[in-house]
Amino acid sequence: MLTVDNLSAGYGPVPALDDVSLTAGHGEITAVLGANGAGKTTLLRTISGLVRARSGTVSLDGRPLTGVSTEDLPALGLAHVPEGRGVLAELTVEENLRLGALGSRRKTTAADLRRIYDLFPVLAERGTGLAHVLSGGERQMLVIGRALLSRPKVLLLDEPSLGLAPKVVVQIFELLRGLVRDDGLTVVLVEQNARSALSIADHGVVLNLGKVVVRDDAATLAADDGLRHAYLGF
Amino acid sequence: GAGGRPEGEEKGSTVGITDTTIKIGAHFPLTGVAAPGYSEIPSGHQAYYDYVNANGGVNGRKIEFVVKDDGYNPTNTSQVTNELVLNDEIFAMVGGLGTPTHSAVVDYLNDAKVPDLFVSSGSLQWGDWPKEKPFTFGWQPDYEIEGKIIGDWVAKNMPDAKVGLFLQDDDFGRDGEKGARRYLDSQIVAVAKYTPGNTDVAPQIAQLQAAGVDLVLGFNVPSYTALSQLVSLKIGFKPKWFYSNVGSDPALVGSLLARFSEGAVTDSASLLNGVMSTEYLPGMDAPDDPWMKLWQKVWDEHGADGELTNYRVYGMSQAYTFVQALQAAGQDPTREGIVEAIEKSGASFEGPGIAPFRYTGDSHLGISGMSVVEIQNGIGEDLTPVLVTDLGDTPIKEDDSAAGDAPPSNGIPDVKPAE
Amino acid sequence: MVRRHLLLALGALVVVVLVLETTSQFRNAQFAAMAYYAIAAAGLTILTGLNGQLSLGHGALMAVGAYSTALMLQSREGTLPLLVILALATVITVVVGALVGVAAARLHGPYLAGATLALAVAIPGIPLYFSEWLGGEQGLNVRMPEIPVWLADAAYFVTGQELTQIRYLAYLGWLGVIVVFVLLANLSRSRVGRNWQAVRDDEVAAELAGINLGRARVQAFVVSAGCAGLAGGLLALSARLAAPSGFTLTLSLLLLSAVVLGGLGSLVGALVGAALLTFLPQVVTGAGTDLGLTDVQAAQLAPLIYGLVTVLVVLLAPAGLAGGLRKLIHWRRSS
Amino acid sequence: MAETFEMSGVSVNFGGLVALSDVSLSVAAGQVLGVIGPNGAGKTTLFNVACGFVRPDTGTLTWRGEELRKLRPHQLAGLGIARSLQELGLFDRMTVLDNVLVGADRHATTGFWPALLGLPRRAKDERALRDRAMAALEEFDIADVAARYPASLPYPVRKRVALARALVGEPDLLLLDEPASGLSSAEMAEIGELVRGLTDRMSVMLVEHHMDLVMSVCDDIVVLDFGKVIARGAPAEIQADPAVQAAYLGEDVVTGADSR
Amino acid sequence: MQQLLTTVLTGVTLGVVYAAFALALVLIWRATRIVNFAQAPMAMITTYIALVLIDAGYSYWLGFAAALLSGLVLGAVVERFVVRFVSGKSEINAVILTLGLFIVLHALAAIVFGSRYRSFPAPFGLRGFQIGDTTIALTGFGVFTVVAVAVVMVGLVLLFRGTDLGLRMRASAFNQEVSRLLGVKVGRMLTLGWALAALVGSLSGLLIAGGGLVHPSYMDGVVVYGFVAAVLGGLDSPVGAVVGGLLLGLSLSLVSGYVGSELVPLAALVILMAVLLLKPGGLFASVRERRV
């Protein structure tokens, strides 16, 4: 379980996150929504320690992460798929995947790899080639696969559907549901595509200008027309 | 005058001179690739000037010696010479080192009428054209006469030797080759040139070996003596070696080779045994020479950190000549006056050099000769008396007249003002 | 914009006259040196700052300019006018720069660095091979032609002082600086400079915008080579010599460091860097001697301090001294 | 028919991997052609061929009735073809205005020498370019950020800068690679309108994974899978095509298309 | 015939030395994407440390070990306290920083150790091996050099190709932020990369010094040729560095012996340009074609 309490952060004088609190429960998908620039990415980056929090705390299963560096998070079971394709293009596809497992101090087993390759067959074909040649969508598959390889307890996903074909989006969302259901994975899902995010999420949090404006069950949010028009744009 | 300018009156210049001081300067490579060795020369100068100053100076004037680093880069030489002349306002440049470096400033010094005394280099250009460069004087024997003396000796004593030249690819090697060819042209079977800075000389030595050379004449600097010895060891090349004076400092080369050992070269001095060279100054291998005793005393009293070395001896010897020149210029030296004085009486200066200077109105070349030596256990043993000559087809003859000079008891020369 | 450049140039000219007329011969000589460093650094700052090409070989291009100048001044009687000679030296270097630029245009980052590094050591080897013609290790002596009589008279008329060779050279150098800076400022504020920057920031996008990458790179290289050529010519006049050991790798590297020290991509930065190169060694060595160090120690002090300054500037003011100063002023104003 | 862009029989191999195989298509004046297909189907590669970044193994390109041989990317702008990049490719150390000015460079009339010498006609030329660029910025409603650097701007604004840069050159054919990725539905709708608004001035080729957008703006759609054209036709036909559904759309997603 | 053999053999030994230096550059490049110009003076300093010990009467091998160890420490210190502050920022600033270090270390060495020539011992013989009655230009020390460089090359290939550590090091060089998200201790990797590179650099310093002369600038020549060798090989590839070094050493030796030693630098330029014009990323460049 991931808890965020009164978190604030920013890049200059203007705060990008202002007193944000949320709880992502064990075995649940929490969708973080909001317009461009609302602070969604900043929220994930602050949780990961890539952006310094000005105040507030983040805790993982009750353990505060204050003072824990970004590099130690994978070992604690937290994986973060960053916005905009964090592919290490100069490494091979397989090396990228192996790095995912390394973070959580595990050896990559053939079975692990096979699971990812089954999910994204194209990665298997490109396995020993440089990730550099991958298409936009293939890169997105790679970073998601890489995060899954670390078998995280908590998964932070920043716009995973970016650049993916509709069929693959559905496939990935189904996979997430499965993991949440079967393994008790905790997911924080940042999505531009609010409609499909809410369709698989349990809860939703809407950010606007760095503040939480609404927090509710996913179904309730999806049904709220006023909210949809004001913040979610569909 | 043109443009309505007042006409200046030309008189002898006394820039750099006060009643109690005389300021001189020079450029040396104190940093960079040429610094090893050469950076020690000015400390020799300095020690001797300190000694003279401690003994009352010259005509009551203390000598101030300003050294500027040029890193052996002519562009810098030019800048620091500007600084010496325009900012420090030196009376004369004394001992500025290096052929390419000093070339950059020789015209300027002459245009500015700054005496440019005793350039630390054996290139001919310092002394061969006194008409164009009236203020410039060489000091050490030029490389051409050294080549001639070596060539003549080899032709006479080893007429069957197949000679190979190992040359630094600049004036040094070229002038030396020119001199040597005068006597050896038919004996030379191979010429190998190295470029300073390129430390891999195996191809050059292999070339000499391939040509069946059994006597190598080297016009090279000391580090290349060490390198050429090492490479020969490596490829099993065992000719006779004859290094010009610049490259042969046995103390230095010996210490350089000392460590090339660990089983392979056990005794470094013996590696140089039988190597031939030339000498024109008593050096570290002759500690009992009266000049060396003087230098040792001066160094012990006024020297900087470190041991006395041949580079420092070179510097002190030059400084000694400068003091002589200053004395010859009389009570009230001027820039023009000191030049005139050296032209008049320089040839009779008695100093550590074993052959006389060639200074006259027609030549500003330095020491006129040297003797051929063979190195045994780190000591150069004379094979010939002092041989003197001059450029071109001037014959080589024996002349021991300057070899017996001994320093005055107080270690300070006493030259009468030139008339 | 252009008019502003010209006004600035005019102001600069006045300052130059005032400074050169009121300072000693020795300072004049230093200013002459600063001038050629500034010109070379300005070219390099355009190449590296605007176009993103890292050249470790500009010293070699200066050598081309220097040797061209020296060759044209060899004949004892009757050479071309000095300005024509410098212009020709610039043109010759431009041609060489174009050849190098064409080869370099395909290279990136460390590969370009490697190639230009090799260039920096290769070019000074050429005079050694053609020593008959280029003077070998000793190089070619350069005799500055007499100052034209009308100019000397005019100068005397205006300033009341004799125009010495050194001052004449300093004027020549600073005239060069002003002209070059105006031209470079024009370029960098024009579509040409803009396109160079585009190539630096994103090749693919630049290409799609219609920019021929190779051409833009070669163009930038050629312009900076031209500067190096002119600077080389002035250096030869100033050092009175063109010799291989005047154009070691060190020169190329010092130029580059001066550009970064001053502030990459800014012409003012090039000026600051040139001033550092010219004045720092002398000041530091002087201070060292005053502190009672031996000559050898004092001589080592200059590179030591220069190196430390370089390290500190890169660490503390990554935008260079000019950039750091600008920031400081901003900060002062805003607080 | 003069403004038609055609590709015929284009094949591309990347060492064994068939990225495009015998692809033919054409875009007529004022038409919006959608190119869709699974990830890795070869859409970006197709654009790369059209731009000269990838030289096809076989096949030809024709533009305005003339074959483009040995096309090099930098020639595109001059030919009146512009392309936006999947990852924006803004010039980070140049202001927004300068970014757009580079796009407008095609209309410059003076060359190197006037620029070097600062001749008056260069100043005139520069003013003209600037007016053009400002007009483009205003059209996209981003004139207020003209002096800012792209990195400090929100993503959708950056996206507009990229579009402004592509359009300021007044191309006759615009290639858009995933223009809507990372945008909200509302912004996507804006882009849709914008693209439709372009059709009186130019033709558009559009790669996009958001079906809402594709279906609403395209006149015609080509579907690629494993480098082959598996379907082409009007949006409605494509949506109904079972092969397309199987390869690309999946069953569920189609429904959302009309719900806007 | 013997001249050719000698020229070739010395070319190979020379090439191996370039290769050793190039390996250090490759290591640092792979680990931090910085070209370290200060590599040479760092190696020079550690060689002096060995020399001081040997001069004080300790054995060659103690000096050898001390030099390697101090290289390791020096590399780590320089990364942690100097280079760290520019890593991941502008490429040229990093280059200039290492140039600044170059100048500083040089001057320091001259001040501390003096700038005169000193000879440096070799642990194995310096006489060429005897075959029949000809001596070939290969010495015991030469063999040692070749073996040492081969071992380092193989070690590096194994490190980068085969180990998780190598993978982590490469990842942090390419993208620090992504690597940290993946649990790679980026700072530690960078320090380790510099430390290892400086160790290999120290080795090259010892190999160049062995049976040769040492002074503050003795490594300067190898800066250019070692860098050129690394670039020839593709900068990313340890095998490339060795092939590049050998190719360069051999060609330069031949040019020096049969054409003229003044053309050696020009030959290096020609070889480099010829290779780079055909393969702009060096001989062993991984193919990186996709740009869009």
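We call the chains A, B, C, D and E, going by the order they appear; numbering starts again at 1 in every chain.
Operating definition for what follows: contacts are C-beta pairs under 8 Å (C-beta built on N, C-alpha and C of every residue); 3 or more make two chains touch, one makes a residue touch a chain.
Values in this document were obtained by computation on a predicted structure and should not be read as measured data.
Path length between chain C and chain E in the chain contact graph, taken as the least number of steps between touching chains: 1. Under the contact definition, chain A and chain E share the contacting chains D. Number of steps on the shortest path from chain D to chain E, with steps defined by chain touch: 1.
Using the mean of the Cα atoms as each chain's centre, the chain most removed from chain E is D.
At the far end from chain C, in terms of centres built from Cα atoms, lies A. Averaged Cα coordinates give chain A a centre that lies 52 Å from the centre of chain C. As a whole-number value, the distance joining the C-alpha centres of chain B and chain E reads 38 Å. Put simply, the C-alpha centre of chain A and that of chain D have 30 angstrom between them. Multi-chain contact residues of chain C (touching two or more other chains): 125, 128, 204, 296, 300, 303.
Residue positions 31-32, 35, 39, 169, 195 of chain B each touch two or more of the other chains. Residue positions 133 of chain A are each in touch with at least two other chains. According to the touch criterion at the top of this document, the contacting chain pairs are A-D, A-E, B-C, B-E, C-D, C-E, D-E.
Residues of chain D touching chain C in their complex: 51, 53, 72-78, 82-83, 85, 89-94, 98, 101-103, 105-106, 108, 110, 112, 115-118, 120, 122-123, 125-126, 129, 165-166, 169.
Those residues of chain E that touch chain C in the shared complex are 29, 35, 37, 82, 85-86, 89-93, 95-97, 99-108, 110-111, 115, 224, 227-228, 230-231, 235, 260, 262-266, 268-270, 272-273, 276-277, 280-282, 291-292. Within the complex formed with chain E, the chain B residues making contact are 31-33, 35-37, 39-40, 169, 193-195, 197-200, 202-204, 206-207, 209-210, 222-223, 226-227, 230-231, 233-236, 252, 255-265, 306.
Chain contact summary for the complex, chain E toward chain A: residues 164, 167-168, 170-171, 174-175, 177-186, 286-290.
Looking at the complex, you find that chain E touches chain D at residues 289, 291-292.
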